[in-house]
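Chain nomenclature is as follows: A, B and C, assigned in order of appearance, with residue numbering initiated at 1 for each chain independently.
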Amino acid sequence: MPLIDIDALHKSYGETEVLKGIDLHIKKGEVIALIGKSGSGKSTLLRCINGLEQINGGAISVDGQQLINDEMHLRNLRQKVGMIFQQFNLFPHKTAGENVMLAQQVVKKTSKSDAEAMARKMLDRVGLGDKFDNYPDQLSGGQQQRVAIARALAMEPIALLCDEVTSALDPELVGEVLEVVRELASEGMTLIMVTHEMAFARDVCSRLVFMHQGRIHEMGAPEEVFTNPQTPELRSFIGMSH
Amino acid sequence: MSQIGFWDILTNLIFATGWTVLLSIISFIGGGILGLILLFARIGKRKWLQHVVKVYTEVFQGTPLLMQLFLAFFGLGLMGINVSPFLAASVALILWTAAFLVEIWRGCVTAIPKGQWEASASLGMTYVEQMRHIILPQALKLSVPPTVGFSVQVVKGTALTSIIGFVEVTKAGTVLANATFQPFTVYGLVALIYFALCYPLSLSARKLERKLNAAH
Amino acid sequence: MNYQFNFEWIGTYWPVFLAGIWMTTKLIAVGGVVGIAVGTFCAWARSLGPKWLGIIVAVYVELIRNTPFLIQLFFIFFGLPALGLRLTEVQAAMLAMVINLGAYSAEIIRAGIEATPKGQFEAGASLAMSPIQTFRHIVLVPALQKIWPALASQVVIVMLGSAVVSQIAVEDLTFAANFTQSRTFRAFEAYFVSTAIYLGLAILLRFILIQIGHSIFATKRRASR
């Protein structure tokens, strides 16, 4: 049974339809890259999976549970599916450690000592064990993004959504974040990422999903998609990104 | 009338200043508490409550404080309450202060970037948890400089209560000016007293603002 | 509450209110236009003018912003004759409003000027414009455009604040309410009506100011194309 099931998903902003019927089934341990031009709907799709956008039609289910838009269901869903944002979105009034601890305590009602132990473990995992007491504005962009990953991991999600996680970073900081993502993939974490890092996507992902004008235009294994694109749109997209 | 000298004027004014300060504190604290309650209605999830508070702020910000004082004074009287100018002044100033504070504070809440809402939502927090742990702590920090800044408006606003007969420093000034025939000196002194009350508040608001900007 | 509200007096006293509205309108028209002109000059003086002038303006702005309008009004009307400056009630009210709005708008406009990118001044200078020409032709309009909503709010605040000019017997809208209630003993109703009119005036004034803003800045934009 797939971990994430998306069926006939429709999403509009007012008059404009951004997602025009998406069907996508993701198995446990898959690493998926959503690629496509800006405005093709890939970020919106990602945000729908986490309930950040309300859907207008179709259905999403995660781990056998339908996505229903009320506070209790969303709370359950979001404990299973973590999200990493382009702009990191760390809480500026909390230290790195507190960022990782907060939701554990508030949402999962974990005790403070357990939450702290988990936070230290996760910060270690992303290579920031020594930054526990630093505030976000004392960290580089790459470090902030790694804290954000640790924060999501501390909730022990069964899947992670990554929304252009390196786009806001200086080029020299991209590597450290991708390294962490690569490690997660190799450990078997289910990942769905929107990315412009084509080389990385080709290297790490099990499946590429090319989106065009609100639809899935083409998808398949990376090698196949890159070496043998079937549609002129994908050909031109790959051509552009080289 | 020459028996009222400069020092008599000054001591009388300073005594009356006590009432200005007291009324300012009552208005600010009362308005703050009411403003906080209204804030939760304004940023809460109930549409009709948001609307009620919006109309409230627009009416109180869109009409003269002097009219509000008159309406409080005569309106409370109609309700059978025996109104002293002090009571009417306190009620009107509390309502007026709350209307401004709720808008100032709402501005601080909406100034928190959308990403903070999304990140905390994606971690599974409910609306109340987001407010309590993520949004309000940050908004609180933003709100300190403009709130201190607004306290200046409250102190100056109390001057209008002299018109409904509350004897604070402006009213004392009017009485003394009439008694001494020295309006230049008396109103000059009253102005300086207000300046002495307000300028430190303005200055600290500006300092806090600069500190906040430097921190970002 | 057994009180019976009674608005029948409106039939007799509406001309008094109309005269009051007209006076309030004249006050804010003069106070608004001249006040913004004073504010613009002071903003220039503080951000770009000679240092000594900047200091004088700073003292003026702080004095006005940290004292009540009512005291400023009393000082001008009752206090200044001691220095030989005797004004009529209406003149005193207008002067007080100009001085008050001048100080507040100076700070608002200054914020707009200081938000102007440095490159704009440098571009002006590189075209051999004098600092004053650069200010007048390059800096001022975009600066005003940026802060126009704040300026509009301030003008509305000054209009509402003008309710106290009735205290020096200017026959404005508040005076109309005072007069009516003293004749009819219908104080609550009289102030209720004048409050509603003030609210209407505030909404109207804000609307007009926003429209003025649109038209000024839209023409400038079209003209510069």
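The rule is simple: a residue touches a chain if its C-beta (ideal position, glycine included) is under 8 Å from a C-beta of that chain, and two chains touch if they have at least 3 such contacts.
As the structure is a computational prediction, the values presented were derived from the model and not from experiment.
A.B. asks: So how do the chains connect up here, line, ring, star, complete, or something else (other)?
C.D. replies: line
A.B. asks: Which one of the chains is closest to the middle, using the mean of its C-alpha atoms?
C.D. replies: Central by C-alpha mean position: chain B.
A.B. asks: Centroid from C-alpha atoms only, then distance chain B to chain C, rounded to Å. What do you get?
C.D. replies: Distance between chain centres: 21 Å.
A.B. asks: Please tell me the distance, in whole Å, between the geometric centres of chain A and chain B computed from their C-alpha atoms.
C.D. replies: Chain centroid spacing, chain A to chain B, equals 46 Å.
A.B. asks: Nearest whole angstrom, what separates the Cα centre of chain A from the Cα centre of chain C?
C.D. replies: Chain centroid spacing, chain A to chain C, equals 53 Å.
A.B. asks: Write out the stretch or stretches of chain A touching chain B in their complex.
C.D. replies: Against chain B, the touching part of chain A is residues 50-52, 71, 74-76, 78-79, 81-83, 85, 87, 89-93, 102-103, 106-108, 137, 148, 151-152, 155.
A.B. asks: Could you please specify the touching residues of chain B with respect to chain A in the complex?
C.D. replies: 113, 115-116, 118-127, 129, 133-134, 137-138, 141, 216
A.B. asks: Going by the contact rule set out above, which residues of chain C touch chain B in the complex?
C.D. replies: Touch residues, chain C against chain B: 1, 3, 62-63, 65-72, 74-75, 78-83, 156, 160-164, 167, 174, 177, 187-188, 191-192, 194-195, 198-199, 202-203.
A.B. asks: Which part of chain B faces chain C closely enough to touch in the complex?
C.D. replies: 59, 62-68, 70-71, 74-75, 77-80, 152, 156-157, 159-160, 162-163, 170, 173-174, 177, 182-184, 186-188, 190-191, 194-195, 198-199, 202
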